[in-house]
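Below is a structure I'd like to ask you about.
Labels run A, B and C following the written order; every chain starts at residue 1.
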Amino acid sequence: MTTLPQHTDRKLGLVIDLDTCVGCHACVISCKGWNTENYGAPLSDQSAYGADPSGTFLNRVHSYEVQPEVGTAHLVHFPKSCLHCDDAPCVTVCPTGASYKRVEDGIVLVNESDCIGCGLCAWACPYGAREMDVAEGVMKKCTLCVDRIYNENLPEEDREPACVRTCPANARHFGDLADPNSAVSQLVAERGGVDLMPEQGTKPVNKYLPPRARDQLQGPEDSGEIDVLAPFLAPVDTGPKGFLGWLDRTLEKL
Amino acid sequence: MHPAPSVILFSSLSGLGFGLLAWLGIGLPAVTGWVAFVFFTLAYLLAVGGLIASMFHLGHPERALKAFTQWRSSWLSREAWASVAALLVMAAYGAGLVFFDARWWPLGVIGAALSLLTVLTTSMIYTQMKTVPRWHSLWTPANFLSLSIAGGALLAGQVTEAMVLLALAGVVQIVTWWQGDQALASSGTDMATATRLGDIGSVRAFEPPHTGSNYLLREFVYVLGRKHAAKLRIIAILLMAFVPLLLLLSPVLHHLAAALAVLSHAAGVLTARWLFFAQAEHVVGLYYGKR
Amino acid sequence: MTHSQPPLDLSPKVSDEVRKTTCYMCACRCGINVHMKKGKVAYIEGNRDHPVNRGVLCAKGSAGIMQHNSPARLRNPMKRVGPRGSGEFEAISWKEALQIATDWLAPLRREAPEKLAFFTGRDQSQSFTGYWAQQFGTPNYAAHGGFCSVNMATAGIYTMGGAFWEFGQPDWDHTKLFMLFGVAEDHDSNPIKMGLAKLKKRGARVIGVNPIRTGYNAIADDWVGITPGTDGLFILSLIHCLMKAGKIDLDYLARYTDAPVLLNSDPRSPDYGLQMQDEDGKALVIDRTTGKLTPFDQPGVRPDLAATYRSAGVTHRPVFHQMAEQYLGEDYTPEAVADRCGIPAPRIRAIASELARVAFDEAFELDHAWTDFRGEHHKTMTGRPVSFHAMRGISAHANGFQTARALHVLQIILGTVEVPGGFRFKPPYPKPATAHPKPHCKVTPGAPLDGPHLGFVQGPEDLALEPDGSPTRIDKAFTWENPMSAHGLMHMVISNAHAGDPYKIDTLFMYMANMSWNSSMNPGGVMEMLTDTDESGDYVIPRIIYSDAYSSEMVAYADLILPDTTYLERHDCISLLDRPISEADAAADAIRWPVVQPNRDVRGFQSALCDLGAKLGLPGFVNDDGSQKYKDYADYITHHERRPGVGPLAGFRGKDGTKAGRGEANPEQIDCYIENGGFFVNHIPDGARYYKPWNAAYQDWAVGMSLYDSPQPYLFSLYAEPLRRFQLAAEGHGDRQPPDHLRERIKQTMTPLPSWYESDPHGTQGYDIHALTQRPMAMYHSWGGQNAWLRQLHGHNPLYLPTALMREKGLHDGDWARVSSPHGEITVPVKEMAALNPKTVWTWNAIGKRKGAWALEKDAPEVTKGFLLNHLIHELLPAKGDGLRWANSDPITGQAAWFDLKVKIEKTDAPAESKPQIPPQRSPVPPPPKDIAWKVGK
């Protein structure tokens, strides 16, 4: 009872490093630029210079404040685009077959010429990864830059998604998550990559690398642990006079 | 969810229309000739009118036929088939009643079943949405079907049945609301699973990804005040079930009372359906800190 | 089961052609590939070969296409027809525009060149505009550095011959501990992100010191939420801890810094605190091997850090001795500074220990042999993998110069500047203050100025003062009020010109700075000054010429507009004479070139200056026969020579284009750059890559590249002697004497060893919340607001308040507050933020717009909800009752003290629009389109 392929040869997707993302929105805009000029209809903007600017974007960067039980709050930048789910509910709800998952690589796409713009797929997506283009009346979503990654008109090194190519902080990684030896799979294994909303049962291909521990450099009083660093600050001699004496002695050894 | 008038109209009116068709299909009331014509016209106006209203919701209505292709997986596609099948079968059945004074009852029963199936498929479009915990429950089809059948009974002039069914639909409606109010919390989806940052601490949305608006915010992040919702629920349940019941019980002015009961019920259903959308919390709202 | 897929073209054509040029959406100057379709710009991506960005591109850069196509682009030269500020203009021809300018300026040049004040914004052609101003003969030229980050630049150059900013970078490949002070985005925006990525990949530790935890500070492993304005104290406390523990690089200090240089230590001597020098002016040290007094740079000398020397009854002690006395005292213990900094003392210690641990326990050697300036050969290079970077968070305070100096001293005592793993200069740096020009200000009507305007003073004798002691320059740069103002004080020009203090001017000529809006302190006041009239009804500032490319707020205040092209339509050069794109391992420069031709009657501003210079007959802009020398800026870039063989571009010189650095002009030079992807790189040889100020191989390479004329090794100045010279004057020595009201301040602030003082708190009593701005990464000052894509990300700005303050004031997200300072009041929406210093509020910079500007509709959120914090900031400190105008600037450099702002906050009802609202200006460009759905290739 599904038009999802039973199996995809590869699972191409993104790995997003929340430890490194500085929230610069570079990926957001390069995605907008590439996809306006390429796959399907341009990504339009309404009230572009007016009171209520609103446009179609395939990738958006949120930010969250996380308050640990002790210590200061953290801030995490959180980019989000289609996660190219293995069990993509957006595909199965589509009445026209416009939404589909590619059997070769698992990329989830919308065939715009079949799309009636009913919006159901966007309802079915828990991640907000689909946006209806107001000007064109069709559903837009991240294509994983399917028109770049195999594109023979691009130099080999550029056959990766626009957002990955542009990310200055190297917080976005692209590859085959079905292959346990791929660089992305290894990154996920090393850093404990996770799925978003696993309970929704969508089995996202894209993974998120959680931020590393923060604010570890505290005084012993703060952390309650023994001060391993203390020896580094053992005074040589107190006061300027004593210090200069120390200096003389040390210089002799130099 | 954004309470889009086209979808509210569609689902409410077509529910009533198919409910009426279902009653007609089983021969209640047993009408023929021009009386049958009037009943069928009303039912078709409601059912087809609803379908047409739903077309306004589409970005590309001219491609609507494509929606028939994915019946294997898509409830919307199934709804398309079911509605067309129901309308065709009931058309043949109705033609018999109106033009030939004949009641081809097997057709009627099949048509009635298809009509209710249509209502079921409509409700399943919402029920299947795991992303909207409030909808993702068997109470959603129960709610749609009970309203459709009760409304159909009312339209079909089946006073006794209508009274029982209205009371039942009212109860189902209340239960639906009640369970719906817990649904998001018990769905297991929250800020922590959405961001997977819950291990670090409590998560709060800080800056949104854009100060401008977007489709997601317009479509999914409709937030309705609690007090306002409570008021509307009372109005909906009064109009949908209570007022019609009282009117049907009233001894005087029978036809006028029935007409008023229908109008009141329809208004109640529309209000409830508006709430059905306006109160539905799509989990994507979590990402925007709007839950 | 029933899976089916439509056919898909996986290799669509990407573009007809790729043109490689340089981004201009900010001053980072990344290389871009402009994809062209049907002769139009279709898509912009980063250039992978480019030394700055290696292919990556930020949001602004990728949105360049929307800036290039902005509806706010100016279309023709214009002259004002309505009152100033109204925005009413009439389109005129270039011929008429240049004639008007010539008619205004020619008489000034003949009679009183100083009546022209020419100030430019964040332009990247300062060596050209400065040259033009010099040929005109006015002393009144500077760029925007005075309100931007002059503290950072001067503190670095006076201390170590190069600054953070864009003149140096951490050794991203080797550093293991990186500490970042007061940076939101920086000029080096992509390189910093790329560098952070490298650190993160290696698991190196990043410490962010910033009152606000966003952006880089959000991904820092440790966030130190310091109270604004106290970094100097914090850093001096780190220095205290490290010195006290002897965790300092004595060898490095002895060899490469002035720590061993002898100072006159006799308080009664007129030379008290000055260096002991030989007849050639070389600093003297005691050689540890011989015990003898010797110039620091002699072969084999091993300077002694501890020895003292007595001559003629005066004791001379090494700088290091004074440092010990100053920094080991109780004033700088972590406990003494903790409360003021808002950082617990144990945490300060923990950070100091970690610095010590990484610098010394994780030291490593690189296998590069090198020879130092004393002729000593070293088999390896010792690395200390600790590096620092800082920007306006420490520099935009009135104690910023000394704070930045303190940070340099911290780096230097750890021995981590110009070593592997540490901080490294980018050519043309290192270059000490003494190798820079001094300021020039000698005006001769009808003739050029006697030299470049801006420079590095060494003492009172270099100040730009008239014989009567009054300031020569309209911005009062290089005066006793701010003696070391190496970038001028652009933020004081309008205010001083309006006040006629020190004198009145005739024409204000500005370029690319939104001076009536976000780049001014006190925009409301500035708008009044620009429109104020005298008794006879004439404008107090009689004439304003302005060049902008877009319909900005400043356009409305000009009498004559010279419309610029967009960055994709003109030639530019990013020159080694100016602010090049070098890396620590290479000298590099770049160009822009017209990848599309303008479709409007606009002209590159520099080309317009070539025309105007010729019409005015400026030397350097006309041939001997009086004809125009440079047809346009491209012609200037190619043919101008600053010194023989040295021109704006270093690459592809010589007749055949094979020479680098020095060589005759090459008529094909620009084509060579285009061919090469828009830039030129010359790599530094391996053995010359570190220890640059002292590395003989580097010095030779730099001479070859024409960065220097001869090798000039030098010592880092922990002790800034020029500051001491000003102090001496304030103490009454010498014949150039400061006015009495400034003596105490000079003595207190101009300490030759870095110190911390509180920014002048006069008049701020009762205002106890610090208010800051930050650059949003995806928006560039005011000009990003016209960008249809970027404005969806940052279309309005809340004021962020720390959680406790929100509670205290009964505020919730979306409420509005009245925020006031001693100077003004704004009413704005608020939002809660937990990861914020508890005494600090902040907002994104320059989001608010004036109605009618930028081709935005009048109800745009930038206008209705957006706001500027600038309305609360004044260019002057609150009046002290002494009749003097005290600038809200660093007393040493004149740096605008934006971040000294203190406010108070009250809840208020939501107004219809944020306040203040300035009445609308008329838009000189047609209304914008409503919706856009735009595909070039369709």
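The rule we apply is simple: a residue touches a chain if its C-beta (ideal position, glycine included) is under 8 Å from a C-beta of that chain, and two chains touch if they have at least 3 such contacts.
Worth saying up front: this structure is predicted, and the values here are computed from it rather than measured.
Trainee: Measuring centre to centre with C-alpha atoms, which chain is farthest from subunit C?
Mentor: It is B.
Trainee: When B-C is set beside A-B, which has more C-beta pairs in contact?
Mentor: When the contacts at B-C and A-B are counted, A-B has more.
Trainee: Calculate how many whole Å lie between the centre of subunit A and the centre of subunit C, each centre taken as the average of the chain's C-alpha atoms.
Mentor: Centre separation, subunit A to subunit C: 33 Å.
Trainee: Could you state the distance in Å from the CA-based centre of subunit B to that of subunit C?
Mentor: About 63 Å, centre to centre.
Trainee: I'd like the Å distance between the centres of subunit A and subunit B, where a centre is the mean of that chain's Cα atoms.
Mentor: So the centroids are 38 Å from each other.
Trainee: Return the residues of subunit A touching two or more other chains; collapse runs of consecutive numbers into ranges.
Mentor: Within subunit A, the residues that touch at least two other chains are 2-3, 28, 52-55, 57, 63, 65, 67, 73-76, 97, 114, 133-134, 136, 211.
Trainee: Which residues does subunit B have that touch at least 2 chains other than itself?
Mentor: Residue numbers touching two or more other chains: 72, 204, 206, 209-210, 212.
Trainee: Counting only residues that touch at least 2 other chains, which ones in subunit C make the list?
Mentor: 1-2, 791-793, 795, 833-834, 861
Trainee: Give every residue of subunit A touching subunit B within the complex, in rising order.
Mentor: 1-3, 18, 28, 52-57, 60-69, 73-76, 78, 80, 89, 91-98, 114-120, 122-128, 131-134, 136-139, 194-201, 208, 210-211
Trainee: Could you list, by residue number, the parts of subunit A that touch subunit C in their complex?
Mentor: 2-6, 17, 19-26, 28-30, 32-34, 36-38, 41-55, 57, 63, 65, 67, 72-77, 97, 100, 102-103, 109, 111, 114, 133-136, 146-147, 150-154, 157-158, 162, 165-171, 211-222, 227, 229-230, 232-236, 238-240, 243-244, 246-248, 250-251, 254
Trainee: Sort out for me which residues of subunit C touch subunit B in the complex.
Mentor: Residues in contact with subunit B: 1-2, 791-797, 833-834, 861.
Trainee: For subunit C, which residues count as touching subunit A in their complex?
Mentor: Touching subunit A: residues 1-6, 8-14, 35, 37, 42-46, 48, 53, 55-63, 65, 71, 189-190, 193-194, 196-197, 200-201, 205, 207, 213-223, 225, 241-247, 250-251, 254, 288, 304-306, 320-321, 324-325, 328-329, 344-354, 356-357, 777-778, 786, 788-793, 795, 833-835, 855-857, 859-861, 864, 928-938 of subunit C.
Trainee: Subunit C touches which residues of subunit B in the complex?
Mentor: Subunit B reaches subunit C through residues 72, 204, 206, 209-212.
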